[in-house]
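Chain naming follows the written order as A, B, C and D, and within any one chain the residues start at number 1.
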Amino acid sequence: MKCSVIKVPAAAPHDTSGLKASIEAGIIDPAHVVAVLGKTEGNGCVNDFTRGYAVMALKQFFAPHSADGQAAVSYIMSGGTEGILSPHFTVMSRSGLPETAEAGLGLKSLAIGVSRTRDFLPEELGRLSQVDAVAEAVSRAVHDAGIASAEDVHFVQIKCPLLTAEQIHEAHGRKAELVTEDTYKSMGYSRGASALGVAVALGEVGREGLRDEQICVNWELYSTVASTSAGSELSCCEIIVFGNSSAAEGPYFIDHDVMKDSIDGAALQRMIDRHAGDELIQVLAKAEADPSGYVRERRHTMLDDSDINHTRHARAVVGGVLAYVCGDPMIYVSGGGEHQGPAGGGPVAAIFRRNQ
Amino acid sequence: MKCSVIKVPAAAPHDTSGLKASIEAGIIDPAHVVAVLGKTEGNGCVNDFTRGYAVMALKQFFAPHSADGQAAVSYIMSGGTEGILSPHFTVMSRSGLPETAEAGLGLKSLAIGVSRTRDFLPEELGRLSQVDAVAEAVSRAVHDAGIASAEDVHFVQIKCPLLTAEQIHEAHGRKAELVTEDTYKSMGYSRGASALGVAVALGEVGREGLRDEQICVNWELYSTVASTSAGSELSCCEIIVFGNSSAAEGPYFIDHDVMKDSIDGAALQRMIDRHAGDELIQVLAKAEADPSGYVRERRHTMLDDSDINHTRHARAVVGGVLAYVCGDPMIYVSGGGEHQGPAGGGPVAAIFRRNQ
Amino acid sequence: MKCSVIKVPAAAPHDTSGLKASIEAGIIDPAHVVAVLGKTEGNGCVNDFTRGYAVMALKQFFAPHSADGQAAVSYIMSGGTEGILSPHFTVMSRSGLPETAEAGLGLKSLAIGVSRTRDFLPEELGRLSQVDAVAEAVSRAVHDAGIASAEDVHFVQIKCPLLTAEQIHEAHGRKAELVTEDTYKSMGYSRGASALGVAVALGEVGREGLRDEQICVNWELYSTVASTSAGSELSCCEIIVFGNSSAAEGPYFIDHDVMKDSIDGAALQRMIDRHAGDELIQVLAKAEADPSGYVRERRHTMLDDSDINHTRHARAVVGGVLAYVCGDPMIYVSGGGEHQGPAGGGPVAAIFRRNQ
Amino acid sequence: MKCSVIKVPAAAPHDTSGLKASIEAGIIDPAHVVAVLGKTEGNGCVNDFTRGYAVMALKQFFAPHSADGQAAVSYIMSGGTEGILSPHFTVMSRSGLPETAEAGLGLKSLAIGVSRTRDFLPEELGRLSQVDAVAEAVSRAVHDAGIASAEDVHFVQIKCPLLTAEQIHEAHGRKAELVTEDTYKSMGYSRGASALGVAVALGEVGREGLRDEQICVNWELYSTVASTSAGSELSCCEIIVFGNSSAAEGPYFIDHDVMKDSIDGAALQRMIDRHAGDELIQVLAKAEADPSGYVRERRHTMLDDSDINHTRHARAVVGGVLAYVCGDPMIYVSGGGEHQGPAGGGPVAAIFRRNQ
């Protein structure tokens, strides 16, 4: 198996000209594309249609390249390019299968695995049944990637469902009790339960003792590698696992660390220092306004701002800090970090290209 | 002369409880306060009333402490605490006069000087006559501070007028031609001309050859120490010069550097490295969205965002980057940097307390 | 008793020049001012400091006019002048006491009564104990106004407390269970319980059968005359009742109707038609985005807009509709109408001046 | 010739399910569709991608229905459904050609004509050469519609180009002087020049005496039927003329009036009264914040609001007022009314279905 990561600028949500150029230049082989992670320039909140617009354009773009006219690509669009964040697509490709024979080599390369859960009932969202289904699917994706141990998993991107008005209505008809009646809040619960599913699968949080009431309440439970985003276009969870494996080859590899708050650029700096000599290809991070209302014991105003959603503030800050550290504003910083890293902080992963 | 700088958190624009506590603790002597620079939590744009609210509260607060019931304090409020920026007041105090006798000591300390220009006619704003008047007043303030040379000037804060609707109307009656008919734009012109006045006074830009048409057009002309903000409450420019002088004593001193773009945290890092061992007290910086639409050759979306003013994006980024570098979100980052540092970048000053 | 209502434009939140002019012209006697209802130009949401700014300016303004240096004026500021709404103050004055002797005349005039509840414990907010205390205080204010029956009450303005972070913390310490842990939501609960208190006092909703769980849930329970707003500056509810009484004299009187949705201008039109020949002085209305997501069976997007708070949309609409009907954009339209009129609609009151 | 107008709700910018249902129900014949006017739920400003998203979805939808796989439909999307405005598509259809023979009948029906100008050079935008080219094309569209006189023209929708950053750069290379260097402002100039082109074609403004300097300056020059919107996807102007003609048949007809300000609902009321007994099908109107800063001599705050663009405020108001008058929030209200109706007001057209 050989996996690669290429990032391509986008002049607008639907701009596929950069992808076209990369394919024509032989940098991307559309037949091998597994996932496209995009940063689009909407508000990243409820009425952000740049995500759907990008997906419509990407599906049109990749359709001719797939056998059945519909490439099996996972599209994960994160809205919000506040501050210096620059709209772009990160294209993840994979060819071949994990080769268990060569396990002796010692050198581990980037390995990507995918899986999905069954569809959920509305009343499962934000609860342990979602956690368990995600945990099981993450384990499958880790196996699919040929990753040998949990320590080699560095980033787990999950696209999860939310509760729509219709689903809430339908559940009411069945007298099913939902975790929330609020569409917007259901996004947080679904992201949180998905992240805890990752934590359980990787042994970061113990399954025994975990209770429904802790989801989106007890922020001391978290995964250091989960990155989850909710969308209305699916009823299951789609999982992409990124890690390193001796069953994979090629120059790419991935690492991760944890930002303890939104100005903790040292987390990325440590990785850059660890892999000095290698080329940093992409940074993937989660951002959130510290729910305590304080950062480094100083009051922030993000949560009280009725003009700008706090997730927008947080992305601007984390984007700026990480861009300073790595020197590049074209990085993936996504908002809404329930159970993804500590409260107010978040996971940060970095993909490198080995210099031989 | 002895100058000091204290920063005090504010729980709201009108919160003077921190100031009260500092006075009661003997940290601030209200009789010596020369200026209060505030970060207030409004939008920092046209309809930001948190600035006026803070000034009303501060005037009420300081009134009993002045002989004539109206302390001669300069209040400079900068709206906008986007991202992690934390609302606060920076209190600048000065006691005594520059002591020219002790010039031999060699050790230079923080020196603060103040001055003001005459009132301007509406048609002078944003033009060379404003530049010249500011340049002359800056020179006076430098002298007032007992600062010996331009290299010892590290920050010049100017509060300058703007064109109000009434002034535009009055000027029309006299057939006077204004630099702009737009109230909002007049703020930029006034800030820009004031900054060029600083540059001329300090020899950063030559007066000969300077023409009206270059103001707010030719961004290659700039001061590396000017920080200017426009307000409707005055018709002249109020100038506060910060520098180091051997005629001043005490542990405080100031330095400055230039951010070449909004993620250039290295500018502050260099100062911290230069003065390792001394305590960083406060950071003062200007932020702006790069007018080219690009940062480090990556497209940014700040200028096209019709939901969030680009100055708000820029403050969030610069605030985050500098807070990471210095470890403190309670710093002064202000927007609107016409002719204040290079396009997209800006001056950054740092006040230190010498560790003996 | 003689009551009057004067409205005065404001050029900014702290602009008292219009009030000064009205006093100098003898239109307002500051000694008789009971309440000032203001529309200020902030966002009307959490971080709207224009309300506090206006109150600080108004207190300074009225202080010299009161015997004890602190006039007993109730200041009720509603933020948000979206669309054509024009910032202003409505000054309510009252002199003398209800004169029960003249009850035979038949002609009823504007009567204003005031009262306040005891301070509430945090756990009382948004619950029946708040409802009951408000109901009792409303009855007292009705009596204070000399209003004979519930049908003669046309507008009840209540300023009610909210839960602050500190109060939530304090209640936690006592193991007290609060209606919500969310500061912003506590505003809605407090407004809702206050409105139900009005409804109970005036017989619009029966007290028996009313349960805690219906507050901010069952929107079929509402008052047609309540207008409530929450603020952090008080711990009790302040109540002002407006109605007509034969124990009052003078040319002013008040009427009310109910807007069934936010474009139901016919409610105001009916009042204008009923009192053709009399001069309309002021309109007081509540606005809210229909929680169903639909207006007249058409989908609206106010609740999904992450850039503009739905209360801002709603005020813009109701303000525009009512200004068209009455021909004046300087009217009082306030947001957040829990249990104040039907879901999506709201009470509208109109104060007239009788033409003799 | 037979023309019809059908409006269809949209659940999202890309929702074509309503169109599909209308076609399946035989209400719309896709082969006859001439234009789709949409209201989409973006911010209606620079970074509103809901317009492009809708057009991408509509093109995909209509493609199978056209002979050459690309239906000759004009898509005009107006972003911004502030307040109660409800996202929808208005589908304009036309079959047959104007039949001059039947001119004697006297009964005039809805007639639609289309045309387009040549592509413009960047330096032509916002100037008389754009005005002239539009005027000529409007005359052709009027003829295409079989409309006999200017009085029978009631709405002229124009989609016009704007200056992109690349065009500005290219023009600089040729030393061509542009009307503005600002992309956003070029939208206003292009809309304004297009509207004046309509005014010239219909005799509302005289061509002689018209000068470049009056465009977007002299607001006393305007058309009462022009509705223009700028987009970056074309270099020419696309024109659709709506009027009544005795050479057209069918139950639909159109009328128009002028709102003198944004709360002038009487303009629509007059048309409804004139055509009492006929069914109102759709309302088409332009909205803008009065540039004077006042509506009915009351100060408004729309132009000073740095959080919400003034066009958003204006659409909320005009939408609310017109929805009250006609009882339907699913109407077309578009912003940016340079030379389209008087300053602060705008044209309003109404399409009716005759009740026989």
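Keep in mind that, in the parts below, a contact is a pair of C-beta atoms (placed from the backbone, for glycine too) under 8 Å apart; a residue touches a chain by one contact, two chains touch by 3 or more.
Remember, it's a predicted structure, so these values are computed and weren't measured experimentally.
Across the two candidate interfaces, A-C and C-D, the one carrying more C-beta contacts is C-D.
To find the repeat of A-B among A-D, C-D or B-C, check which pair has over half of the same contact pairs by residue number; it is C-D. Ranked by distance of CA centroids from chain A, the top chain is C. Distance from the chain B centre to the chain C centre is 42 Å, each centre being the mean of its Cα atoms. Taking the mean of the C-alpha atoms as each chain's centre, chain A and chain C sit 47 Å apart.
Rounded to whole angstrom units, the spacing between the C-alpha centres of chain C and chain D is 41.
With touch defined as above, residues shared between interfaces to two or more other chains in chain A number as follows: 41, 43, 47, 301, 304, 307. On the side of chain C, the complex with chain A involves touching residues 43, 45-48, 165, 293, 301, 304-307, 309.
Put simply, chain C touches chain B in their complex at residues 12-14, 41-42, 47, 49-50, 52-53, 56-57, 307. Residue ranges on chain C touching chain D, taken from their complex, read 9, 11, 41, 43, 81-87, 262-266, 295-296, 298-302, 304, 307-308, 312-314, 316-321, 323-325, 327-330.
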